[in-house]
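Okay, got some structures for you below.
Shared chain: chain A. Partners: chain B in the first complex, chain C in the second.
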Partner chain A sequence: MTAQPLLTIRALRAAYGKIEALKGVDLDINRGEIVALIGANGAGKSTLMMTVFGKPRARSGQIIFDSRDITDVPTHEIARLRIAQSPEGRRIFPRMSVAENLQMGADATDSSEADRATALERVFTLFPRLKERMTQRGGTLSGGEQQMLAIGRALMSRPRLLMLDEPSLGLAPLIARQIFDAIRTLNRQDGLTVLIVEQNANHALRLAHRGYVMVNGLITLKGTGSELLQRPEIRAAYLEGGRRA
Partner chain B sequence: MSAPAPEPAAASSGLNAAYIFKKSLISALVALVLFSLMIGIRTEAGPTGQLVYWTRFGDLALMVAGVFGGSILIELLRRWWGPVTVTRVVPASVQTGLALARRAIAPLLLIFTVLVPVIFYDQRYILDLGILVLTYVMLGWGLNVVVGLAGLLDLGYVAFYAVGAYSYALLATNFGLSFWICLPLAGILAALWGVMLGFPVLRLRGDYLAIVTLAFGEIIRLVIINWQSLTGGPNGVSGIPRPTLFGIPLTPGDNGLAAKLGIEFSPTHRIVFLFYLILGLALLTNWVTIRLRRLPIGRAWEALREDEVACRALGINTTTTKLTAFATGAMFGGFAGAFFATRQGFISPESFTFQESALVLAIVVLGGMGSQLGVALAALTMIGGFELFRGLDQYRMLVFGFAMVLLMIWRPRGLIGHRAPTVFLKHSHAISSDLVKEGHG
Partner chain C sequence: MPTRGSDLRGNGRVNFSSGSGMDYFAQQLINGIVLGSIYGLIAIGYTMVYGIVGMINFAHGDIFMIGGFIALIAFLILVSVGLTTVPVILLIVLLVSMAITALYGWTVERIAYRPLRHSFRLAPMLSAIGMSFVLSNYSQITQGARVKPVPPIITGGYTLLEKNGFVVRLSNVQIIVVITTIVLLAIFTWLVARTRLGRDMRACEQDQTMAALLGVDVDRTISMTFVIGAALAAVAGMMYLLYYGLVDFFMGFVAGIKAFTAAVLGGIGSLPGAMLGGLAIGLIETLWSAYFSVEYKDVAAFSILIVVLIFLPTGLLGRPEVEKV
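Right, the complex of A and B next:
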């Protein structure tokens, strides 16, 4: 009767060589939900996101997407299931034009021309700035525009799950807010499911329906966004005490 | 109190004069140190074997003064023609003219190339040189797929050239297969070797990739030298059949092309035929590359060059992307190799040394990585220039190296350093290389 989560992670472990980055993580993302994953540097947030994508491979545990076990599925196959990610540091293609960057997002999935056109239209209504800069090189965009491009590129595959790694990294607060607004719009209007990994806990938890707190490769706290925002330990660790928020 | 403040421009020009003077003085000092022994003292062996020397301080002074004056002049020229004012010096009308000329250069070059055998019909030397240049244009375009588009630094490209050449030579001499059957076979075999090289180097990047590909090129050459029973070892393969025009040989006999057309036989016919053959092959390479660039696979190659991590994040299969790049580049190398074998009629391992790989790579880099026209121009300059300076004997390499250094100073991204986008809304814009961030290989 209860709807199955879109993504289920159970007892997930992953390591870089001998250094264990994930030590048994459980996490659920329901359809149409924004889930925030917060934590300090090196807590394993990005690793969790990458492991869902199969790089690095999970040592043990399970990742289930839409009732299919994707723990051992090759990375490019996972992308075909229409899970998209915008990696940390944006990583757009600097010498390619904005239009080419966007097309790259659709290339890995079997998108028809019509699908591409629809997705492109959606990206342009969301980020009109990108349309103005269609022929410009990715490397000549400002930081905020590059982030828009990175998200737009991920949206080109018309994802069912969008994973964003630190979308506010290195952006002016005003631009960061625009990015968060766009994510909210996508969630409300398109019903897009979003996993957002952030150090900017204040913004992320306000945006998210639910949040997870990660410390040293383990989930230590979970709850709704507003619940977590109220927790004194969260306030002490991530919102006050000199951390930018 | 009322003394006028010095104008900023005057102040800066005063500063400039002092700066230029200082810089020139340093240059002169360096010149003095360098030339005092090289020019200041002349030594020679005397009649009985003893050392005879005399001083030439006059020449030395002249030289140092020349360096001093020259460096002032160069510095002043740089001020006037510096990058800031360059747009003002060149009038707008000239600039648009230049832009037009730039767009016209590719078609004009193509038309000229097609007409070369007509214009220079009697000049065998020019025709041979043209064939040589076109061979390198084709090799450059082939390597451009691997190095320029996919960003995989390949120092062993000559291996595929060798595989293509030996494939044709051995198939033709042992089994009597015709050139037109062997050509695709040579390409396929080379592509196969490209994939074989690709697999072990999938995880390597940059310097490490370069080392392994370099070794691969050497391995192929050494195998060819040592596998005497198959390849004839250092003696090579001789008596490789000449290509036919779809079965009609270009020979003086009764069934030759000349006899069939009812014209008098001339050995030049074969040269002209070879010229158009390599031109066709090169244009095929170019056409395929341009087509591929507009397809997702070509886009994936370029994205791979830009950022491999991002490619993986987008779900691009980096394995197949790299392997197809290696295979495509190798295939064109194989075609060029088969052509080389049929043109020469004789091949030996000496034709496939590392120097060839380096030359082709230099063509790609000088041309501007990824630029088709740039590669063609670079091949023309390098191979043609090589011949042009033949009269300079041993100074040829010196001139050549000097030209290369200058080119890398003034056009560090190659002759044509911009890349035209392949996805458009309305029309294309070429964006100057100056606006483009340095890529990482």
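Right, the complex of A and C next:
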């Protein structure tokens, strides 16, 4: 497979006030890949995802999406390039119905009615539960349903790059498995490119083609998913010793 | 607060020498609803802006005043070019006043609030107080300090009830004020609930960062919020002009504070709350003036606000601050 870069991040630095969260990150995502980003709490994984959208703005470095430099592009215009994110904390709109939340996702890109209908059908196929909840307010959903809604909303924009921040967080193992299966299906069937941040390194690395390990604002290791799974330091830090009971 | 000749007159223009009982009450109810409509239209602007950017736009009362002046100027121009069909005049004045006042609202946000959006929380509010002075002094200098009267534009009305010499009247102006308010509220509610702009506004109100992540231009959406709020305030300004037959540069102050009170009473951030609060303040003021004393109508309105806030700190329709995340 010839690697066609979709997202290229070079020497990216970002900070919240005086606290430097990213200290020169390099990362590549090729078309059709699932890339996992693993690391401990506070390593900067979520910040990296948000910095792609300019929240916060990069202090220095470069973010290139589909051969366009988006480092200084306004956040809402980045979204219109069809990069979608299911962010940390899910951030669904609590006082909007499920239907409106999904509509917000569809509004992110100019799409025809037919595109919307197709996207909605796909979301319902992946998460049939959402179909039953369409008129319910987002804030009244359970944690798992909110997670499904956040991912569904991201999919409604028919993204070229889907970024998922801890999609399995707080979910029952069965539902987490459903979500991972859904991601694999989207990748295989539609060639969707995915960047996934996970605490559950085992799941993420098995799902991903390639993975990056982040420590303290820096990428310390990279490799294919199976390579990383074999590394003793990964096993010690994120799989065996580090596994949360 | 100074009591001024140009205060919103809670008691309307009612002859209450011989009034008593239900007919008198009915008349006051009509007057209160009309006044409440005007307050409600202004209150929506406060509550919308608070909902989306979390600031009290203290210049909003003066935007209302500007709306009244623009309506007056538009009216005088139309009359001087020889237009005599009243419905046509009213419609043109309404649209012109809404459009130009909206431009004022947009400009105020652009020059006085947006640059301070990422500053400390009080900064835009202080800037708003400054803008309030700027706008009222601007119209004092350009239009003069004197009260501007206009001859009654809409005359006539209906006698609903006549008993023992007391007449319950519903004037045409009152009908127009209430109908205009209802129509505009219907359009506004539809806009917020059903259109893309409304959805974007609600998204920004709930989570600006997420809205931006979904392609919403947050700056533009906030601008539109000010534009819509100012347009509704312009309608209120025009209704005030029609109802009371005068405008002056200072009228935004008291009306603004009353409408702000209405917004807080209804639950700041809640759109139906703003309208309900407006009606409540209008009725309280009117009924208090009718049965007790005109001098203390403001005291009555603010006292009710205090009592409500003691028992319902978030207002009548406000939602609790704490939200499940």
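One rule holds in what follows: the second predicted complex is superposed on the first by the 239 of 245 C-alpha atoms of A that agree within 3 Å, B and C clash if a C-alpha of one lies under 4 Å from a C-alpha of the other, contacts with A are read in each partner's own complex, and residues count from 1 in each chain.
The criterion applied here is as follows: a residue touches a chain if its C-beta (ideal position, glycine included) is under 8 Å from a C-beta of that chain, and two chains touch if they have at least 3 such contacts.
On a predicted model such as this, the values are computed, not experimentally measured, just so you know.
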When chain B and chain C are modelled together on chain A, clash or fit
clash
Check whether A:107 is in contact with chain B, with chain C, with both or with neither, and answer first, second, both or neither.
both
Applying the touch criterion given at the start, work out whether A:203 contacts chain B, chain C, both or neither, answering first, second, both or neither.
neither
More chain A residues in contact - chain B or chain C:
B
One more residue to check, A:99. First (chain B), second (chain C), both or neither?
first
On the A-aligned overlay, A:158 touches which partner chain: chain B = first, chain C = second, or both, or neither?
neither
Common interface residues of chain A with chain B and chain C?
53, 55, 74-76, 79-80, 85, 87, 91, 93-96, 100, 103-105, 107-109, 139, 153, 157
Quick check: in the complex, which residue numbers of chain A touch chain C?
53, 55, 74-77, 79-80, 85, 87, 89, 91, 93-96, 100, 103-105, 107-109, 139, 153, 157
Touching residues (chain side chain B, partner chain A) in the complex:
296, 299-300, 302-303, 306-307, 309-317, 419, 421-425, 428-429, 431, 435-437, 439
Of chain A, residues touching chain B in the complex:
53, 55, 74-76, 78-80, 84-87, 91-97, 99-100, 103-105, 107-109, 134-137, 139-140, 153-154, 157
Seen from chain C, its contact residues with chain A in the complex are 196, 199-200, 202-203, 206-207, 209-218, 323-325
